[in-house]
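Look for chain A in each of the two complexes below; its partner is chain B in the first and chain C in the second.
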Partner chain A sequence: MTPFDYVRPASLADAIAAWEPGAAYLGGGTNLVDLMKTGALRPGKLIDLTRLPGLDRIEALANGDTRIGALVRNADLAHDADFARAFPMVAEALLSGASGQLRNAATVGGNLLQRTRCAYFQDPHSPCNRRDPGAGCAARSGDNGGLAILGWSAACIATNPSDFCVALAAMDAVVEVEGPDGARQISFADFHLLPGETPERETALHPGEVIVAIRLPAASAGFRAHSRYLKLRDRTSYAFALVSAAAALRFEGGKIAGARLALGAVAARPWRVAEAEALMIGQTPDRALFDTAADVALNGAAPSGDNGHKIALAHRTAARALALAAEGTPAQMPAFPASVFGGHAHA
Partner chain B sequence: MPDTLPFATRFGSNAGQPVSRRDGVAKVTGTATFAADNHPEGMLHAVYVPATIARGRVTHLDVAAARAHPGVVEVITPANRPLLEGDPEAKHFMFAFRFEALQDDTVRYANQPIALVLAETLEAATEGARLLDPRYEAESPRVGLDGNTPYTVEVGAFGRRGQTVHGDVAAGHAAAVQSLDVTYETPAQYHNAMETHAVVAQWQGDQVTLDMPNQAIVMSRGAYGYYFGIPAENVLIRSPYLGGGFGSKAIPNGPTVLAILAARMTGRPVKLMLRRDQMFGPVGHRGATRQRLRIGIDAEGRMTVLDHESLATTSTFDDFVESAANASQGLYAAGALRSAHSGVRVDTGTPGPMRAPGEASGSAALECAMDEMAERAGLDPLEFRLRNYAETEPGTGLPYSSKALRECYLRGAERFGWAKRPLQPRQMRDEDGMLVGWGMGTALFHAPMFQAQARAVLRPDGTGLVETAAADMGQGAWTALAQIAADSLGLPLDKVEFRSGSSDLPDGGVAGGSGHTATAGGALHAAGRDAIDRLAQIATADPASPLFGAGNKGVTARDGRLFVTDDDSRSESYAEIIARAGGSEVIGTGSAARPPEQAAKHAMYSHGAVFAEVKVDPDLYQMRVTRLVGAFAAGRIINPKLAESQLMGGMIWGISFALHEEARFDARTGRIMNADFAGYHIPVNADVSGLEVITVHEDDPHVNALGIKGVGEIGIVGTVGAIGNAIWHATGHRIRRFPIRIEDLLRAERG
Partner chain C sequence: MSFSISLTINGTRRDVLLEDARVTLLDLLRERLALPGTKKGCDRGQCGACTVLVDGRRVNSCLSLAVTLDGAEVTTIEGLAQGDRLHPVQAAFIDHDGFQCGYCTPGQIMSAVGLIAEGHAGTDPDRIREGMSGNLCRCAAYHGIAEAVQDATRRMAAEDERASA
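== the complex of A and B ==
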């Protein structure tokens, strides 16, 4: 790979000071280093965040929010008993992603910023607007069966591959960032960007900004009894989603009092539609209602290539995830998290 | 020549035991030294530059930029590549495939080597390769089964017949009261052993030492000698461990030859190990197939004709066509049989033998077609197969050397619970509402033997040493072979030193074709018997020995002693006999090959029956194989633990074939867009459950002296079809393309 500088700052301030155009922050490296090996990315400098103090904690804040440091490993978060009790669907999403080894290495900050799995993005020899603005989009008439059905543009049809982010979107997470111009907060709905004319702009982060933490509001824990993540994939485990859905419900007197629905692997960001959630409020849960919610969530969906099947699959997955949420969160994490074969937990 | 080969007299004390593999601890503790772990003093790292077009010419390489990169020592391109003494386009022996070793600037497929960069570090070599920044004159590539005009194949892979007809096919079609005409497709697949191809080459004058994983150690010595103009004896190949081979590590390839050449050119040891993405091109693959099956049956459900055509992709510059339609030979008692192959030349690397070549793809289509025919006939799929059970080889009429397929069917079916299977699809659900389906397939694989030699030594201390250049690809061959050797010497396993995996030993033959244990084992057995015969001659001719006068045939070897047969009171230890004879070791030699007369008299196959249960989500179509029962009859099982593992490994490969594996080509560039393990799926643990293997006892006096067939490949055969059939039984949707994907079932549902 192309030679690069490697720095290991001792403090967050040093890390931000070390940033320069062309530099990249390094988390677990499970995505960034792979892309450096293919040559798709060639940062001149890696700023290793993994030794920064204080960013690997899961904290309960005074206001009831949960704050997850950016360096917490995916596996540690998913297996944190308090966290999994409050946000079982987030834990399920995490455990449905990648493999045990990767989850041990991957940080939650890195997970938010993992790049699309579009094969042409990962391959430096293919034209790709996202990697190389103006170069063209090889996926448009290529191998695109897994790409976007919502929110895509002529410039780019890639999807965001993260499972965790779908769950975070449904849970109204907030991203805490700090950069050369100080600290700020970004609500999850604004964090990932649709491609439009500028697919190279993937998130709301400003140059040099570091993700410091992710906050989950106390109110979102109110969905804990009825929340599920469901993921369709080409094998039972260790595969990216064909489509996925995070669903969460809150009941009062048998009627739905709160509803969340986010779809994954359908667009460049987790897909949440306020009307789809709103129409369920005050209703009794049933198949027809969930179908309607799925209809509305997928309003405007269109194939971007040989991927029309994803529309029907996303629809069915959304409706099923809602039905599973209505049934209630399983008492234990399913043996195959987020799978239709979830079955019963290992003892 | 007698009609049957003699049985091993001393068989049984070690062979037949479920001994754990000898290298297991070394491997799990990381002390096993694989080829790429060798780092001789002064070694250079080589990285080859893969073409990113599939057809055309390289017009420019920025050699200056690569050379200027710190650490880069040499850049080899067609402009400065030293001559090879042997022609890489020559077909000088059976396993010679044409390959690219920078003979010119032509690009024949994506990932073909177009330059080699040598550097002090892997990182520098990798960056040097990138800096070459190739420019091309690209032509539009020919991709896929419709990429070019098909041609008829007269001689298929490894000399197998391209066109076979038995009986009157037209009459068979005419006589059918019901018939089927279906077409199945299988994709291109790439071997992808866990250990990628690697070599560490070191020259001393005109001698070269190659540390490399190799399935054909002694044969390869001659092949590499040919390319470098040196005698075979000047090539030493050391291959103590292989991280899988699956057929691709028996064949010389361009990157390896270039690395050896680079070591000679620079005068330094050179190491090359392919990156995962580089496995998709220069080191073989399984070509895609499109197979048309026409089956006719009479009123009793007996096949009047089995007519199997296969079109397979191959390269533009060499001939290897998957002999898929031959899977229909030898199995079902059809009135007429036809296997016909055609090829289509596309811009890929040349396919090669990949675990169960021909049979894996062919059986996938055949066994599904059999299921479709049974469905039309209203017959249970197992009953349909039993009605067409062949008592002699169809077409040739040859007797089988042994065939316990009926027992495989019955025991597998019983274990699986097949009798409870509803005839109609979509009848079964589990407690979670999942659709449940059951399917089956028959497995057939030839039981070949190749040629091998071995040496067995009885040492003065009474222990043994055996030597043969066999290859253990991870299947445990060396353990099973050592068991055979120990029995032949009448010694416990721990009293026999087993030396293998190096080309200066007697030729152990090719580890492939499911014939390695039979072949190398046969040679070891013969060598051991020879050593014992010599020892017995010494003892029985020595008046001081209690064995004096017993005569050669009257002596049995057991536990390091020779006994007069049927008289245990007269015995003497090997050490005593050797000591009295002057203390020098007793050396036996042996070889093995199947006598052609034997081969002509019998049809020789391993058999099996595989039963699969799948569960399928009724709306979302997520699929999972929840049970697989395979019953196999494969002659004598030397080590049940290893044999069962092999068979299980094959069945898991069957899951992979049925549901996961597929190289996805970009039709515009001819490149494979999923050339890594995140994209090229194979089953993970969660995809494998409820796997059971039954081995059915079979005594085969004809295949070879030890009665050994093979278990290396047959596990795949039958399994793919069984899974496809189970998916039909679960859903009612017949998917005629592998791998079966969620969207295929969705599309089938929507018509």
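== the complex of A and C ==
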């Protein structure tokens, strides 16, 4: 780790005032400190946000929206009974990520800003356009079996590793931020950026802006009875997704009245296609319909390397997640959240 | 820049002067406070060997910067037993052969103590396996570990019942 200054401001205003180019805001530190150890990130100053007052609450707003303070820890959100009842798929996505220890430390705001797990980004000795603009991309000719099949560019084929973000995208979340130029809101669809020619620009945040809260609209809780997160990975627990899908349905008179589908680990941001959702409206749920929705969601998918298998995998994951959502949200969180093994022993 | 912090470690207050903000809780415990029971495995939050309780919650001490923890209460493996009386989780690990080489064991035990306190796994073997997935064991003593956590959960519930009776 290279040396850095450390400050612990007492207020959000002081935190923003302390920001300068090269500084980094610190939440749970589970990703930032790790990348500082490898040398991939070398902030000159850490601004510790963890003791800022008022940002660790889960609130029900007067208009029915749910507001999650940026400093709420992942475990505390997933295990909040009211939250898990209203947004069971978001809770399942959270519990399918990382480990108990990491979820106790990681903040929800930090989850949105976690960096890609592309091995070449994490290794400061490999060329990486995302870490070091113009350096080139070692992943293009390297170990790329897990990398992007959608939205990638010649400059970068990395994926966003978050499970939580896939569920938030499906639930139309809004990100509340505050910075040197004041407060604003960013819709989730606009929050993470595709790489294009500028993979170093990962989010819509302006320099010095801080995430203060994530808001989930009241209407999204209407999917609570039929929503699932499904995650394929190399082992049943404590692994990043190869592909994942967040699926949610709403029924009226046996027909689909509302549909949400977001794919994870396929691109630099959660992947949501409006046409794939729209074609399910008014239809009766069945396997052929879900296959068609998956087809449309994956329109334009192409291997960025030795990862063509992820296209078929993502297709099956999306269709299966929709079928699971149609069956209904389980009464209890599955023992293995988001696993194809569900609540069943596989030992 | 140096930082003066105060931690309560295994019930004892320790004032520490950090000459550098880079020191992790893991390195502070092992290298400066003579508490080497907490183990360094991967040092990257991937193996769980460094698990301790901070304010009662299990975390990876390798990813926790000590300077951020001023005022916190830390419990390590050295703080579990009461004199010669082992903590129920420690006793259960012995009874169920929950280890082979023992290197991951302090982290496994601290993680199990945290998991049981969280209260989401109960005695369901699958939920225990899922809850303990942040602790790797290269000897693959997982069967004994899962049994030990299950047994310790039962023993601690029975003790709580006796205490409240």
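Definition applied: the second predicted complex is superposed on the first by the 343 of 347 C-alpha atoms of A that agree within 3 Å, B and C clash if a C-alpha of one lies under 4 Å from a C-alpha of the other, contacts with A are read in each partner's own complex, and residues count from 1 in each chain.
Here is the rule we use: a residue touches a chain if its C-beta (ideal position, glycine included) is under 8 Å from a C-beta of that chain, and two chains touch if they have at least 3 such contacts.
If you're wondering where the values come from, they're calculated on a predicted model, not measured in any experiment.
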Contacts of A:143 with chain B and chain C, given as first, second, both or neither: first
Which of chain B and chain C A:336 touches, first, second, both or neither: both
Which of chain B and chain C A:201 touches, first, second, both or neither: neither
Touching partner for A:3 - first (chain B), second (chain C), both, neither: both
Touching partner for A:238 - first (chain B), second (chain C), both, neither: both
Which of chain B and chain C A:224 touches, first, second, both or neither: neither
Touched partner set for A:105, first chain B, second chain C, both or neither: second
First (chain B), second (chain C), both or neither touched by A:48: second
Touching both chain C and chain B, counted on chain A across the two superposed complexes: 1, 3, 38, 99, 236-238, 336, 343
Complex interface listing, chain C residues touching chain A: 1, 3, 20-22, 24, 43-45, 48, 51, 57-60, 63-65, 67-68, 111, 114-115, 118, 120, 124-127, 129-135
Contact footprint of chain C on chain A as seen in their complex: 1, 3-6, 8, 26, 29-30, 33-34, 37-38, 46, 48, 50, 75, 79, 98-102, 104-105, 236-238, 335-337, 343-345, 347
Contacting residues of chain B [partner chain A, same complex]: 52, 123, 126-127, 130, 277, 432, 434, 615, 617, 619-620, 622, 624, 659-660, 664, 666, 668-669, 671, 673-674, 678-679, 681, 683-687, 741-743, 746-747, 750
Complex contacts: residues of chain A adjacent to chain B: 1-3, 38-39, 99, 117, 119-120, 123, 125-126, 138, 141-143, 145, 232-240, 242, 309, 312-313, 316-317, 320, 336, 339-341, 343
